[in-house]
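Below you'll find a set of structures to go through.
Shared chain: chain A. Partners: chain B in the first complex, chain C in the second.
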Partner chain A sequence: MTDLASASEVNETGVNITINGVRVVAPKGELVIDAAERNGVYIPRFCYHPRMEPVGMCRQCLVEVDTGRGPGLQPSCMLTVSDDMTVDTESETTKRAQEGMLEFLLVNHPLDCPVCDKGGECPLQDQTLAFGPGESRFVEEKRHYEKPIPISDLVYLDRERCILCDRCTRFAKDIAGDPLIHFMHRGNETQVLTFPDDPFNSYFSGNTVQICPVGALTARPYRFRARPWDLAEVESTCTTCSVGCRVAVQSSRNELLRYEGVDIESVNHGWLCDKGRFGFESVNSDQRLAGPYLRDVNNSDQLVGTNAALEAAATAIGAGRGGGGVGVIGGARLNNESAYAWSKLARTVIGTDNIDAQLADGLSAQMVLSLPRATIADATSADNVVVIGTDLKEELPVLFLRLKGAAQSGRIKLTELSLLVTGLSKHASASHRYVPGELAHAVGELLASNPQLASGSTVVVIGRPSAADFPDEVEAAVGVLTAGLPLATFLPALRRGNVMGALDMGLSPGVLPGRVSLDEGRDWFGSVWSSLPGEVGLDTAGMLEAAAAGRLDTLVLLGADPLADVPDRDLVERAFAGVGSIVAIDNFVTESVKRANVVLASTAFAEVGGTTTNLEGRVSRLGQMITPPGTARADWMIAAELAWRLGGDLELESLAQIWSEIEAVAPSHAGCTLEVVEAEGAIEGVVVPIPKSPDLAGAPSGPASIRWSAPALAEPPSVDGYSLRLVARRKLYDAATNTQMAPSLANLAEQAQLMVHPGELRRLGVESGTRVNVTSSRTTVVLSLVGDAAMPRGLAVMGLRQPGLAASELIDLRAAITELRIESR
Partner chain B sequence: MRFFTSENQRLATEIIGRYPKARSATIPLLHLAQEQHGWISDDAMIEVGRLVDATPAEVKGTATFYEMFKFAPVGKYLINICGTMSCQLLGADHLMHHAETKLGVVAGGTTEDGLFTLEHAECQAACTEAPTLQVNYRHQYRVTTESFDQLVDDLAAGNLDGEIPPHGTLGRVRQAIPADKSVGAVPPTEVDGPPVWLAVEGAS
Partner chain C sequence: MGYLDGFRVTFNRLFEERVTTEYPQEKRPKPERFHGRHVLNRYEDGMEKCIGCELCAGVCPAQCIYVRGADNPIDDPVSPGERFGYVYEINYLRCIHCDLCVEACPTEAITESKMFEFSFANRQDAIYTKDELVVDDDGKPQRQPWELWHDGDDALTSGWMRATAPSGSAAHVGQVGWSGELGYGVRSPELGQTAPSDDDPDGGQG
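Showing the complex of A and B:
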């Protein structure tokens, strides 16, 4: 091979090959199977997958190849092109090989297609029709296995159907890094299996179902629910987290039935996490809010018509506008158009800047919007990537996959700085721990001991390490980073679906649509909108504090559940007690919605189109597949209706018209017209601001107008030898409404527990699993204390929002760190 | 509770040290586990996985490929009777039938006293000495029904203890690598300069 390659180095960029008699040029190193496909010649295959290393396992892609030594059969997925190579995919020999392979595969395959979920979209079925012998000579009894066996809560395995292509096992090992399924036994007995009592619990297990070329792996949420030819499909972008994976949304009879990953180069490579893939169940939930209701003074709920509810909401908001003020919390669930409508409603009609899409658990909007932004492509090709704070595997799973892949291939040098060992730790070149409250100092030390970070390109992925620590710590750390690495670009690891779109649309105090500050955008938005609030408003923490102090009349919850999500439950309780009235717009009756006076039902994923923005700033289309339940409405329509009832007019009429307005007024989105976003082939989405974006005459120039400066480096909090510092981390599966409303995912969430190093257990003199009293400055709770050697000494770790008990009970939002005392009961 | 005895734990550490990557020690450690326990239990595979940084599924996938690893209890003596052509022509079927009667188990079974497991085997590469069998993989040549009975009686009486160790035992002489002969294996990615053995042995 090497000799052939060196002999053919005539043309650095391409080599000349002949495929079925046609001369074509293929880039050096391309596989024959890909070169053929690119030139319109499809070679049948089962084991080959373009996103995984080839293995030459199934032999279905054998074609006759002549490299000058005479023609011979070679697996085209294992062979790279070389000069003057002749490939014949239609020769008699090739045809005999392909027919032979298919006949062999079908010897063991049960042909139970009429009852198989894959029937109708099955590569084995399709390729047998196209390339198979048409007739089997096998008359003996086929093998039989127990049908099917669960290999995890989500995936079932039917071993009779398996053709041993190694796709799922390769995916589990090489892509997901969870080699919990493996070929076992030998020869005719070979099967894919898990270890007994060690199920295939991978966050990415659903991908194996999608790439299985037969019906051997099926997903429990979809089994026997539909036939492929009955499914309607629209392409969309997953909004479960802010990575923005491209998905195909499939439904039948106005019910969502399945999401499949769509391969786009810039984001997800076709993969999805299970939370995103099976999240459609929550949209279908019969617990969905289907219409508005009011809660009267006797605390009884009263179903009302949409008009009455809108009227009541407008009255509540109007009362706040005229009196002590209105605050709007939430908006990360909304699409960009709805976020813009709410931003405009708050600023122009309600006249407040008290609006925040983040729930005091994220990062400073000013910081996020002013930092030079990286793309995922940058982060997987930079010389150095520094991941700070979050466990990406738990929060942004597909970004984790991309970074892990890049680190494994040696393309990037990955450095990690986190409180705990994360999913990425073992793939990083260096993984460092730090102590809560000392992130900025740790970053300083990291830069001092790694001078190579300043040379070459560096991308920093930064998120909130623990909701138990004050966010100033992250800002101070970013200050150290921007000073030490002036050329670094940043990928903000914010978690919620369209949180970046919400920030871009100005759902944050002091920020207007298009990444413009309220102060600098005053003239421009004063001309394109009507009036603007006089001064910068309050963020979520500020609004809650104001409400608790009786200084806020009306709270609008825009798809937010502060009781569950704000990391200070005590504060939220006081705020809800102190506020005049609460208006909630949501998909479900969450804990916070139960406290609202007026409740409006809104649309969920796949019930409304528009666009969403991922953490890179990539704008991509959402697809509408089904109609919303009952009288639920799109959030932008509710905003427009409320404006009307409050005596204003947003002048917003349709998603398309709103986008045109965004493009015309938001400086960061200038030039990103509907035509650009919806262009043929724009499935990759469009990162804003687009290159050479036009200037909006009179408008300030985007991010440059946002003033952010890092807070001064605070002294690390002093160590208290009797206390443990709380780390409140996010897990993929938790008590979040959309997880709990999806039956397949709800049980995957671990119960709340407090994890410590086994040394702390010895110090306290208790066994692992004992229930103990845990006291913070806020309250005392009872939790089971579990020893885990992966936990650093001096820390106590719990999920922010696991079923049973949320860490937010223990946290004081304004404290730099949260210290816990643990006592046996 | 650790699976390996403390002596075997020490040996396991030494075995892992022989390879640049811990994972390469999977099969030697499985042999060690089978030697200690007589067969490979789930606990053994979990422990081997822990030692070589592999999942139990990966260890089981590797282990089950090999015929000589057993995943259920095996008698102290594993008797494999060859049934391939030369042996069959010279009475292997008759010998197997006789063995089944003598031991009171069918092929694949283990006697109630846990002493013998009887199995079919493919060619044992001693066709000139057919029919053959192996006891714990030690050859017995030109076996007759009489010599089979004698063999079983001798094994049961312990007369062959010096020759045939219990099932799972790899060899009577254990490989040991003195520290000064150690290759000092490190992962290829960490190799910096010439390999250690070259420095020890001299560049000859």
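Showing the complex of A and C:
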């Protein structure tokens, strides 16, 4: 009875087909190649990729199909299932067709497998062995081209090996939106090439290497470094940005050699950006900090043992605790467990609430934690998606890919509101510009002119548009949004690796682990933590101002480089001059670490396990693959050691034990046990908070989640006709330490320059490329001024942190906008 | 007569051919395909045959081989092609001389000599690096101070006949399988093989 019912149910959505004599049911519209694979029959293929539109280029997946008109050979990647279809993948005809295709493919494919990076994991090798004829009848000389030619700084192309499957070109055109490689010439001479003088400079070029079914595309950073059988592999989550792409981390002899994207439905679909993919080079860098050192009054470095350094750090923090105060800046690099350890150390042992994982370049933690959160899946299936502020292609590249794909397929209606034309603009249904300082008003106008946003589901992706503007305007804009679209959900586009995990663990003033405010959580945490600070502390800007005024004794830099990252270099300089001592815990000797009195070395990606949280709130496992250099230690161990030396005890023993404490203590993480995160099939991670099952609804729960109220709408700043408003935007490749320490990426960062509309150049009477004096309220600098018609009038655009000059020199953190006067020299 | 019978056996043996060899002053002749210490071969033009493909390291059951490849310098290539063996090490404390590395090598770069007598004073000496393994300018194995080489031990070290030709083609069975080597040239055919013919100049290499 039930069988009959389910069979008729299937008939409405599925069709009955026969694969190799076995009757199976396949959903309508499924491709034969997928239906067969789902039922355990692998059909060989080269061009077909489940994340791309099929093209039927390689003809390898030919199988004998009978749809009632007699059996015939059809490419199974181009054929959808139909009722009563009979597929035979093992017939004599199918075998002959597949053997023939392989024999043809190998006519020109060189047999240089021993020197090919793909050898050992090559679909062409594997399928020739499994489906090939074993003998070739061709004795003619093979086609010859110049061996690998660089098609970009990261990718080599060996045209001899190419089998013209169209995977890379389809990826570049359809998925990445950078159609920079294409088939050229005809017939036997057909080859993939870039356009003349236009290299394959895509942020996603590494994916073409991963999906190439032969060794035609190889990555420069991995070239000849190892063979597949050398590699040990662990699955992990990339922490280059907060998207949290799933990666397979591969190493050999305790050295990271390659990341490969892992296909998970909810986040990255197997894609990675090049910054994430090749960022492993910075972990291997020989400039990594391998042990602690102290800097004495004469500014000379003194290498010391770990105990002496921890003692010195504890002394410095202890002095601040007893005197003017301690501030902890940073923590977005840490895994969740270390972030929790530092949150607990600051609150219970140091007794301060001055802790902030964001460097005054993000969004209000209260706002981010209290907004109803969307997932990436929500954002790619909602009726309307509104992207406000950031250029996702530069900041969160894989989120850009997902939204672009959803917009292209017509699933979502994408509306964009940004200062500049972004990578997403041409894929959006509507793309609006606004003027710095007027975001909230622009959002109000957007809502008024687009009433359809209020009907249907709406997801808002919101980030910090420009570090040159005071973030209050983003908060006011979100206030307008939540008032106008009460049902909208939000995806906060914060950029740093585990910044969401850090905020969830309370690395922000007034926030306790589990998205609870300090005041609301006082009773709950009072019973599990030994003590809590009395009042809400300072954020990064507040700490720096206090330090500059001499009201802070000790600054702890927890993987933070404020001199480079805080958008107000002058303030940081004054803070560093005014503070008593600086303790830095980092991977590299950054500009800020050079100013520290005590420096402790900590672990980097793949050197410690634990968990990380992406911008959706998705908790996923990190994998440990290699050992840290020298005496570098995990950040949670440093926190535990410091607590002990400061006369406290965090009672933290291992990553697993810390996680179980987080699960028990943090209200938003209730039920998210390690077993749930690590469960079979849970490679996608777990989005917190996990919805409570109805039978637990009555159970006592922790404190209420954090609340946030929007600031009042401020008047837009008045227009100064002589000035240009600065837009400090982020580029994917910049002067950040992790980029500069990766040799393959370091040179990709553009030099700092100021970009304006060509009309401004005419107004100033200078040529594009002229070096000019640029004056803000902070300082005067010399920059080259470049005209670009894509820039709106009245704005001056520069990278926040490009090599040469950082925009942070020009910015006053507390000013609503940054105005620049430009004069020719 | 008892014990005299025993002496008679001894006495008779005095006039028979002696089976004892004065090892180590002299060595018994080794079979032609004996598995001794490895050498890394070079082509007749002096280029190294090793391309750093790591197939030997991959197949090694004792995991005693460590290889790393690198890009061939364009102006001064070490081996023909893109890639050469940048690091090549064999740990003879682990090697079991099974010859699978020789079988796996796609370029006949690694072969085994007939020399198996080496005594190390320390473990580091047991790890042979590329400098020690690669044949000298005459194509002969380099003799390390701790190795016992006799004349003739280095004969027929740098060739190996596969069960099939490198292409796997059964049609090539019976032809000389090896290519030209530094110091040896192209070998004369073994029993059952024919010399390379003029219209198949690469000697059946496929």
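In the analysis below, the second predicted complex is superposed on the first by the 802 of 825 C-alpha atoms of A that agree within 3 Å, B and C clash if a C-alpha of one lies under 4 Å from a C-alpha of the other, contacts with A are read in each partner's own complex, and residues count from 1 in each chain.
As a convention for this text, a contact is a pair of C-beta atoms (placed from the backbone, for glycine too) under 8 Å apart; a residue touches a chain by one contact, two chains touch by 3 or more.
The model shown is predicted, which means the values in this text are computed figures rather than measured ones.
With both structures placed on the common chain, the touch criterion links A:Glu146 to neither chain B nor chain C.
After overlaying the two complexes on the shared chain, residue contacts for A:Ile181 are found with chain B alone; chain C is out of touch. In the superposed model, A:Gly119 makes contact with chain C only, not with chain B. Once chain A of one complex is fitted onto chain A of the other, the partner contacts of A:Pro196 are limited to chain B, with no touch recorded for chain C. When both complexes are overlaid on chain A, the residue A:Glu92 reaches neither chain B nor chain C. In the overlay built on the shared chain, the residue A:Glu135 is in contact with chain C alone; chain B does not reach it. On the chain A side of its complex with chain C, the touching residues are 112, 114-115, 119-120, 134-135, 147-148, 223-227, 229-230. Across the complex, chain B meets chain A through its residues 42, 45-46, 54-61, 64-67.
Interface of chain A with chain B (complex): residues 173, 178-186, 193-196, 198.
Of all residues in chain C, only 51-55, 57-58, 68-71, 81-83, 106-107, 168-169 touch chain A in the complex they form.
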